[in-house]
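So, here's a batch of structures to check.
You will see chain A twice below: alongside chain B first, and alongside chain C after that.
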Partner chain A sequence: MIGGLNRRAARLKATLWTLAVPPTVWALHFLFCYVWAAVRCAKRGPTETIGDIRIGIAVATVVALIPIVASGYIAWAQSRTEGDPPPHNASTGPDRLRFIAYATLLLAGLSFVSVLFVAAPALVFTDCR
Partner chain B sequence: MTAPDQNDPAVRKGQEDRLRATWAPPMGLFLRWTDTNNNRVGNWYTATAFGFMLFAGLLALLIRAQLAVPDNDLVSASTFNQLFTLHGSMMMFLFAVPMFEAVSILILPQLLGARDLPFPRLSAFGYWSFLIGGVFVSGSIFFDAAPDGGWFMYPPLTTDPALSGLGADIWMLGLSFIEVSSIAAAVELIVGVLKCRPPGMRLNLMPLYAWYILVVAVMILFAFPPLIAGDILFEMERLLDWPFFDATRGGDPLLWQHLFWIFGHPEVYIVFLPSIAIFAMVVPTFARRHVVGYPWIVLAAVGTGFLSFGLWVHHMFATGLPNISLGFFSAASEAVAIPTAVQIFVFIATIWAGRVVWSTPMLYAAGSLAIFVIGGLTGVMVAVAPFDWQAHDTYFIVAHLHYVLIGGTVMPLFGGLYYYWPLVTGKKLSDRMGRTAFWMMFVGMNVTFLPMHWTGLMGMPRRVQTYQSSLGVDGLNLLSTVGAFLFAAGVAVLVADLFRSPWRPLARRNPWDAGTLEWTQKADSEDWGIRSVPLIESRYPIWDQPNFVRNIDEGRYFLPDAEEGRRESIITTVLDARPLQVIRLGGPSIKPMLAAVTLGGVFILTTYHLYWSALVSGVLALGVILWWLWTGTGEIPEKPEKPIGHGITVPLYASGPTAPGWWAMFITMTGDATAFASLIFGYFFFWTIHADFPPPPTPGLAGPGVFWPMMALGLILAGWALTILARETNARGGVGIARIALALGAAASIGGGLAALAGPWFSGLDPVLHVYPAIVWVLVIWVAAHAALSAIMQLYTLARSLFGRMDPVHDADVRNITVYQHFFALSAVITFPLIAFFPGVA
Partner chain C sequence: MRSSSSVLTAAAGAGKTNVREQVECNGDPMTSDECARRTGGPNLERTLRLAALPVTLLLSGCAGVQSAMSPFGVEAAATARLTWVMVAGAVLISVAVAALVVRAVRAPEGSLSHSGGMSLILWAGAIGPTIILFGLLITALPMMRQLPVAPNDLTIAVGGEQFWWRVQYRPTGAPPVEDANLVRVPVGRTVRILLTSPDVIHSFWVPGLAGKVDMIPGRTNTLVVRATKAGTYRGQCTEFCGLAHAKMAFDVVAMEPRAFDAWLVQARTPTRLSSPAQAGALTPPLHPGPGLRRGTEGAAPSGQALYTSYGCAGCHAIRGAGGRIGPDLTLLPQRRSLAAATLPLNPATLAAFIRNPQSVKAGVLMPRFAEMSDAEARAIAAYLLEPK
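On to the complex of A and B.
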């Protein structure tokens, strides 16, 4: 079953747009966290507690990590496409696919870490001071 | 048609003669300046940006001379303010960003094996705009009228005409004009990288420089428009007293800080990445091997590009925002260190794995990376909010930013100068002078800026004209001044080296034995760019592809001729670089220069409140641009297709997403949409910050109602639908219906624009009274101005159809304006429900 899943993932289309998916998810997560907290704090003042926002950020973080991991998984499967001999930097379709996939995988890794970074302040701050 | 016999020297000679004649530069005292070839425009651009850097450097020496000793009165406080403001503004807007555009225009076609970039006249227009705007801004200091509010121009100091003179207007309008040219360059470079690569150069074989340029150009599209939106609000306040940043009338100066730094922080990476991109070319050449970890560099470039947009508030840590907000930006600021470090490790790995030749460019690479890493580390320090509160607005920050910018931009560019000088001039610079200059600059830089960390931590604020001895920073300041003059002496050695260059002999071809495509160029290079467009099979084709250079020289690859006497290049697909089209490029023309002069007139005359003259200049600019478009774009070729060699025949005309023009429109409108989004952000910012936004509906403050906004929305959507109808019916041969649809569409656009203005007009919204009416007015004026442009485009396309310049097959015009219509309709769909219904909801 896992082999079938890998094969299906490897057949998906990889383009410059798919390369940008993980960091775009990071950007949306970042904006979500910042805008929600900033609007609430501006409206209610520094004494406002933000327990619900912290839970919301935790949920948003999990929700953001799902497409990042999925994108990384698809990219991982695609980066193992066979067809050409190493070092896989020739002007061929499979090598181009392997390259985009590998770069996407790396970006998924960076985005994963960065989403956790951005969520971290919610562990520390409990109000709008 | 049989293929020409490239083995026959006579055939090759004929081809070369035709290419030479086609690409011959215009001659004559004036006409030579009408050239549009990337090698000339790129040279002018680079030299101009370099000149502005030297000028801004001299201003810095004056600053250091003033600060050499305590209680000094070499320059007055007012002059000092102008000096540091102009130094920072020029280094950023007239040197760092334009230099990246200049170098890219100069070398990108060579890196991509293209004869030129897709829109050479746009490059020329960008250059002339830059020159005019740059001279206007920098020249102001000779009239004691230079901007003096610091390079980030914080209101309310700078929006109050009593506290700041004409300089603030010169900054806003002069630099806005230059921002327009930056966006023009971004369009040119994105389309160049995506569509003008040689056959075979799939995404995985693109030179790393091109990857960086692609990322940076996209960043410009999202970073510069917020500043342009801020400039609009800023000038509305200065010229018309609309209170966007005036807290007494509902405005907020922090909005400017947000808009400025949404631009300003990505800007740091916009100037850093292209410089590091030069190293991505230099390091493999001198390590004599392929770069280690090519996808990791792509990760670094793309990752930095994204993360850099989540950092802007770290310039605003001291503004009293909630700690949790600071936390998000602090975290993102730490995260960006990851991709930034990755590329440095890639270079180290490449050097480690290779057989290094310690050439002069490599010396600059190593030295500037060391400086940059120090700046990066202090960056990690000031990204921590509590530390930043201690260091904010002190000389610690001055030290940090100069380490970053000298290590990340200035020195890499000097290294690039030594590396690419032979490519541009055919001659090598002196290694001895280059190394001397390097060590003087390296030592001078550290002597200047290392002490400033202590100067700052001991309490000396930045931007003060003088200081007292009791502060205990006399010695540190004197040391910094000595270092600055040593650095300047190093720059002088470098400049002397450049001036000696014309008397030196030609270097051999590919003097560094590099492997990348640009070094196929001969030392006494021709104006045609490349003799034949190669088939690429490797990232380092000169090293890896047998007989590569000879095959190019003998015209054995693609497009070795200019049979029709037209400047041409090949357009390929984005992912796999398959040939799609031969594009006919614009040749020498005076129109880009005229367009820049007339458009520059709008900005410059507005600065002096000469509104009628500015209007005349604007109408002239519109006329010149339409003339340029009418005569120079969308030309119907004399035959549908032409062979480019090796049995491949491609069309001479393309429309829709395969055509460069469509992409240019799409990219431009993406930037335009970002500016619009920034204005919408402004609306919601006021609502977030102020409980009285929107204010109670008293006279002058009551919203625009529902009727007129909905009328405007309906008409604009009708114009949008009619344009799509015109596109579809025209493609199916229904030219008559298409023309009627275009005419009706233009009428709908005009009606929509007028209805948009009618809302706030009839409800008597007074923009001087409060920020709410002001922001509503700005939004409807934005849409109305776009409606006017929309109508001009629809009527232009109608005229193209009537005059036989557009038909069912050759329909690029209508397809391009449809892209505009999509974005325009979207802005209407957002604006009108917002201004009509949000006050009730809020």
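On to the complex of A and C.
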């Protein structure tokens, strides 16, 4: 099953478009958390507890982490594409793919951590102050 | 920073002129830098002595009445603690990076492996910073939480106005007390400060007490503070708000709770003198100016009469009577300073300010009274400095 997954992931092609997926998800998650909390807090008093805001942020965080982890995983699989000999810095198809895939993997790692950081305040704050 | 570098330049300049100077050095005549070589360097010593000056000045800038480095409030103390932790951490990391650079540059070629370098980057460049940042985030986030405040805690409403501060104490179950340019807080008690502005955006910052909070027209921001150390401190407007922005400061007095309660009662109790029936009996004032002393023999108008005839009450209130455009003057005698902590408060500065506010605080929104004589200004000043 894992082997099959790896093979499927390796078949997908990493491009500049897929490279942008993790940071875009991070941006959307940030935007959602910000707007969601701002709108809910503006509608209610500052001392209102924010259970639903926290649940919303938790759900959004899980939803955001799924595509980030997935693209990270796909990128990881493709960054190991075989074909050319090391050091993988020639201007050939496989080396370009490895490069883009590796960059995507790093961006996925950054986005993963960032999404968690963006969500962290919801662990600490319990009202709109 | 600028002061330290200019002093160092001066020190270097002093060293240069010394080169040609003939000096006595242990009994032998020689140029001063020869002497320096022999004795181990008066130039160096002088440079060090001069360099010590800016360092002392810089450090002394960190202490005192308006400094986040000498906190007197719960929130500012936490911020200062976090600052020191971050400074220590940053120094530690810088030293470690510098040591790594030295090691990498000095290492013989081929002695560092590629994979070792990569794993160093992974741990020290990615995983380590993530953990450190997460730790800082988790410690700093709870500090952003507002202090818990009960409905019965004292409320102080502060309005930022071009270019002064309207202050109103609203104790529960008692009438409010109006003041300006001076905020008193009881030590050890939680105080809710409501911040707003009728004109432009200002920002309320008492570095020793808490972080800064903007005062935005049409909005009321809440700052909850608790002072921990009695004393006299200072705050400053920290959002550019017009010509006199830099001169829009205020005094903060943290008082023992009992003293504060007593002050609050006293502040809203009119003194005998201020009742209108006795107003005429007010002359001579407590601080008669030279012109007025002459005047008392004749029928010079009293300071209070001048205050009325110049129309000051159109903008200023005393014991609730008068306009609300300028600062309430009831408690002026108890203020620590004049014109939003711009000038020391005494009869001379007060008289000068009343006659020509622009001359001491450019941009001020109080008109100039060109036709007012110095003696009249002193009479009004004396009247204003009496307890009301």
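Assorted remarks:
FYI, the second predicted complex is superposed on the first by the 129 of 129 C-alpha atoms of A that agree within 3 Å, B and C clash if a C-alpha of one lies under 4 Å from a C-alpha of the other, contacts with A are read in each partner's own complex, and residues count from 1 in each chain.
One rule holds in what follows: contacts are C-beta pairs under 8 Å (C-beta built on N, C-alpha and C of every residue); 3 or more make two chains touch, one makes a residue touch a chain.
What you see is a predicted model; the values in this text were computed from it and never measured.
Contacts of A:T15 after superposition: chain B is touched, whereas chain C is not reached.
By the touch criterion defined above, A:R129 reaches both chain B and chain C.
After overlaying the two complexes on the shared chain, residue contacts for A:C41 are found with chain B alone; chain C is out of touch. Look at A:R96: by the touch rule set out above, it reaches chain B but stays clear of chain C.
Of the two partner chains placed by the overlay, only chain B lies in contact with A:W26; chain C stays clear of it. Contacts of A:F117 after superposition: both chain B and chain C are touched. When both complexes are aligned on chain A by C-alpha atoms, chain A residues 46, 113, 117, 120-121, 124-125, 129 touch chain B in the first and chain C in the second.
Considering their complex, residues 15-16, 19-20, 23-24, 26-27, 30, 33-34, 37-39, 41-43, 46, 50, 89-93, 95-96, 98-100, 102-103, 106-107, 110-111, 113-114, 117-118, 120-122, 124-125, 128-129 of chain A touch chain B.
Every residue of chain C that touches chain A in the complex is listed here, in rising order: 126, 130, 133-134, 137-138, 141-142, 144-146, 222. Across the interface of their complex, chain C is touched by residues 46, 109, 113, 116-117, 120-121, 123-125, 129 of chain A.
Across the interface of their complex, chain A is touched by residues 200-205, 290, 294-296, 298-299, 302-303, 305-307, 309-310, 321-325, 327-332, 334-335, 338-339, 536-539, 574-576, 688-689 of chain B.
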